[in-house]
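A short worksheet on the structure shown next.
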Amino acid sequence: MSTIKPIEYRDGSAKVRAVFDDIKRTRQLEDVNNFWKYLANDPTTLKRTWESVKQVMAPGALDPLVKELIYLAVSVTNGCGYCIASHSAAAAKAGMTPQQFAELMAVVGMANETNRLANGYRVPIDPAFES
Amino acid sequence: MSTIKPIEYRDGSAKVRAVFDDIKRTRQLEDVNNFWKYLANDPTTLKRTWESVKQVMAPGALDPLVKELIYLAVSVTNGCGYCIASHSAAAAKAGMTPQQFAELMAVVGMANETNRLANGYRVPIDPAFES
Amino acid sequence: MSTIKPIEYRDGSAKVRAVFDDIKRTRQLEDVNNFWKYLANDPTTLKRTWESVKQVMAPGALDPLVKELIYLAVSVTNGCGYCIASHSAAAAKAGMTPQQFAELMAVVGMANETNRLANGYRVPIDPAFES
Amino acid sequence: MSTIKPIEYRDGSAKVRAVFDDIKRTRQLEDVNNFWKYLANDPTTLKRTWESVKQVMAPGALDPLVKELIYLAVSVTNGCGYCIASHSAAAAKAGMTPQQFAELMAVVGMANETNRLANGYRVPIDPAFES
Amino acid sequence: MSTIKPIEYRDGSAKVRAVFDDIKRTRQLEDVNNFWKYLANDPTTLKRTWESVKQVMAPGALDPLVKELIYLAVSVTNGCGYCIASHSAAAAKAGMTPQQFAELMAVVGMANETNRLANGYRVPIDPAFES
Amino acid sequence: MSTIKPIEYRDGSAKVRAVFDDIKRTRQLEDVNNFWKYLANDPTTLKRTWESVKQVMAPGALDPLVKELIYLAVSVTNGCGYCIASHSAAAAKAGMTPQQFAELMAVVGMANETNRLANGYRVPIDPAFES
């Protein structure tokens, strides 16, 4: 197996093209991102992942911008370079302002800090949080 | 050094009491959580951490509930048991509904999945995300 | 200390050369990977790490391809760019097919997702798993 | 929102019961694990997660035991207590021997170690891994 | 929001310049690192983060070199590329020798390995560690 | 495979007893910790891990206390409960004072925070760090 190559629309199977078409229609894009072009090497995972993302990111009790902020918070915590770039763009498209980005980063940073303080001090869970 | 013990208000120094008082006033609590009682073993870190959290979590371009959801998303990603318990409670107090919690978890789970798919497929960043 | 430089065979000490020779012989390579050339800055760690990897990755109750898949699963989860590249190559050399890679990624992605769902829902361990 | 409670079969909606029935049938179990009972608080995520897991863990180019080993490798790397317990049990049920478990742990440990050595020494990717 | 740009001293607000001046004075640098130039997009986080780092990294019960080694250990564990580069440089400036770096990496690698062995074998905490 | 059980000295093979004896002699302990009793289920990994830990933690360019602090920093970052407990005890035995513990935690927390700020702001590495 050599390095994985992206699959462009013109080279995709019918199954891949159907997913790409749905991504483009749903997100009003001219072309899909590299993420989907690479996943297209496995049409089954491409289709399952897209359908899951589509369901999870649809407007619901949380609005789409909040969902994008959460996606970015996780990606930053995990240090996934591709995901940080793509979800920063997605959040911006969903309306994230520079000030909202700044506050998001501040919260993510602080949570990562206090997570470790709680670990290190071995803080037991307060009974009030268990009821 | 034996196992760290929590410091109760009555046993705290003036510096510790001042922080505890501010936490209780700001959050309208009768007592502070275990997290702060353990941090009180280091009054300097207690004071700095509280003042940072207070600044970061104050209403701003993002509302307090959204900030709590982000805090919880990070804590779940990191697997910090204490933090998941305490920030689930904090988010609920800030108004998180069961449906919002469910959607938060769905987004956090999906982001953790696609972060690894992007890593594993070694997806290069789209030029459009760099401009 | 300036940036660490790789140590080539011709510049290595007798201890370094002995390890490089064993790596090349064991893995039937013309030259060792960058990983070993950088570790060669610390011959003690080079030797210990190689001997550990050699022992751990030898055929046993698990065959070498399965061990490479597991190595890759960990590297993808941790987001180690070098390790993903080198162990993708190693797995391919050990016989991993594109379909096996695709299934590996699907499992790794799903495990990272459900790990966080279990964390976030604070699921207690079933008694049946403890016996 | 108080602490999340598991949902038993008798208390589940038709949608929840249908998923539980499919899990029990597919895995030949008398009852579903706590993981599914907690996820049942969000029937949409329950259904999507189960269908995804079912697809991903089905026999394919990798056999079910190998898939369980990979799942466990990820769970151990992430330190998810529930997942380690449940997937240790699942792997044992799929035929994992104590010797295979021991080798799995040895590989997971070594991969976590060398991932950090590669990070710390800032090892550049070998050109051979990019072709 | 387009990609974030660094803010140079000449373009900074009075608040940003004051922080940059304090960093340069404290660390005896001609210019601040990129980290601070990017954080300057959010002067409040810039100021808070610098003041926190300054307090935390000051000589105390641990000397500055030991603190830098710890910072680097965390950054390597998390796989933060920027942080590994900047804190390797900072540790070298604080006096870290190549041999100390080598031993640091060896400890970090081993800790990451045994952390996972402890997870995977589900080792219970010894009563002696709880007293 | 049922849940893994610890192996006591009296039940160990000659190979296991030899490792236990060396641990007790080296660390001047009456009995080994649970970690080693669980690893004893795989005598090969037990022996390799102990010999690696013994080599890595021996006095060198870094003194034993500093090495223990680094071990604890990694364990806290990873959230390994067993490791935090055992290495807190080991660090205390090596002379860690409460004030040193407090400073260690402050550095670990801050590093985890700034790692994510660097990730999120996508800070490029300064050319000065590459020379």
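Should a chain be cited, it is by its letter among A, B, C, D, E and F, assigned in written order, with residues numbered from 1 in that chain.
Just so it is clear, a residue touches a chain if its C-beta (ideal position, glycine included) is under 8 Å from a C-beta of that chain, and two chains touch if they have at least 3 such contacts.
Predicted, not measured: the structure shown is a model, and the values here were computed from it.
Asker: Starting at chain C, how many touching-chain steps does it take at least to reach chain D?
Answerer: Step count on the best path from chain C to chain D: 1.
Asker: So which chain is farthest from chain C, going by the mean of the CA atoms in each chain?
Answerer: The most remote chain is B.
Asker: Compare the two sides of the chain A and chain F interface and say whether they are made mostly of the same residue numbers, over half shared, or of different ones.
Answerer: same
Asker: Once the Cα atoms of chain B and chain F are superposed, what angle does the rotation have, between 0 and 180 degrees and to the nearest 5?
Answerer: Answer in degrees: 120, to the nearest 5.
Asker: A-B or A-D: which has the larger count of contacting C-beta pairs?
Answerer: Of A-B and A-D, it is A-B that has more C-beta pairs in contact.
Asker: As a quick test, compute the distance in whole Å between the mean CA positions of chain B and chain E.
Answerer: The computed centroid separation for chain B versus chain E comes out at 20 Å.
Asker: Could you put a whole-Å number on the gap between the CA centroids of chain D and chain E?
Answerer: Computed value for the inter-centroid distance: 34 Å.
Asker: For chain E, what residues touch not just one other chain but two or more?
Answerer: 2-4, 41, 44-45, 49, 52, 77-81, 85, 88, 97, 102, 104-106, 108-110, 112-115, 117, 119, 121-122, 129-130
Asker: Counting only chain pairs that touch, give me the topology of the graph as line, ring, star, complete or other.
Answerer: Shape = complete; every chain linked to every other.
Asker: Can you check the complex and tell me which residues of chain E touch chain C?
Answerer: 79, 88, 91-92, 96-98, 101-102, 105-106, 109
Asker: Within their complex, state which residues of chain A touch chain B.
Answerer: That would be residues 3-4, 33-35, 38-39, 41, 45, 49, 52-53, 56-57, 60-62, 66-67, 69-71, 73-75, 77-78, 80-83, 85-89, 97, 99-100, 102-104, 106-108, 110-119, 121-126, 128-130 of chain A.
Asker: Can you tell me which positions in chain F touch chain A when the two form their complex?
Answerer: Within the complex, chain F contacts chain A at residues 72, 76-77, 79, 81, 84-85, 88, 104-105, 108-110, 112-117, 119-122.
Asker: In the complex of these two chains, what residues of chain B are touching chain E?
Answerer: Against chain E, chain B makes touches at 2-3, 44, 48, 52, 55, 129-131.
Asker: For the complex, give me every residue of chain C touching chain E.
Answerer: 1-4, 41-42, 44-45, 48-49, 78-80
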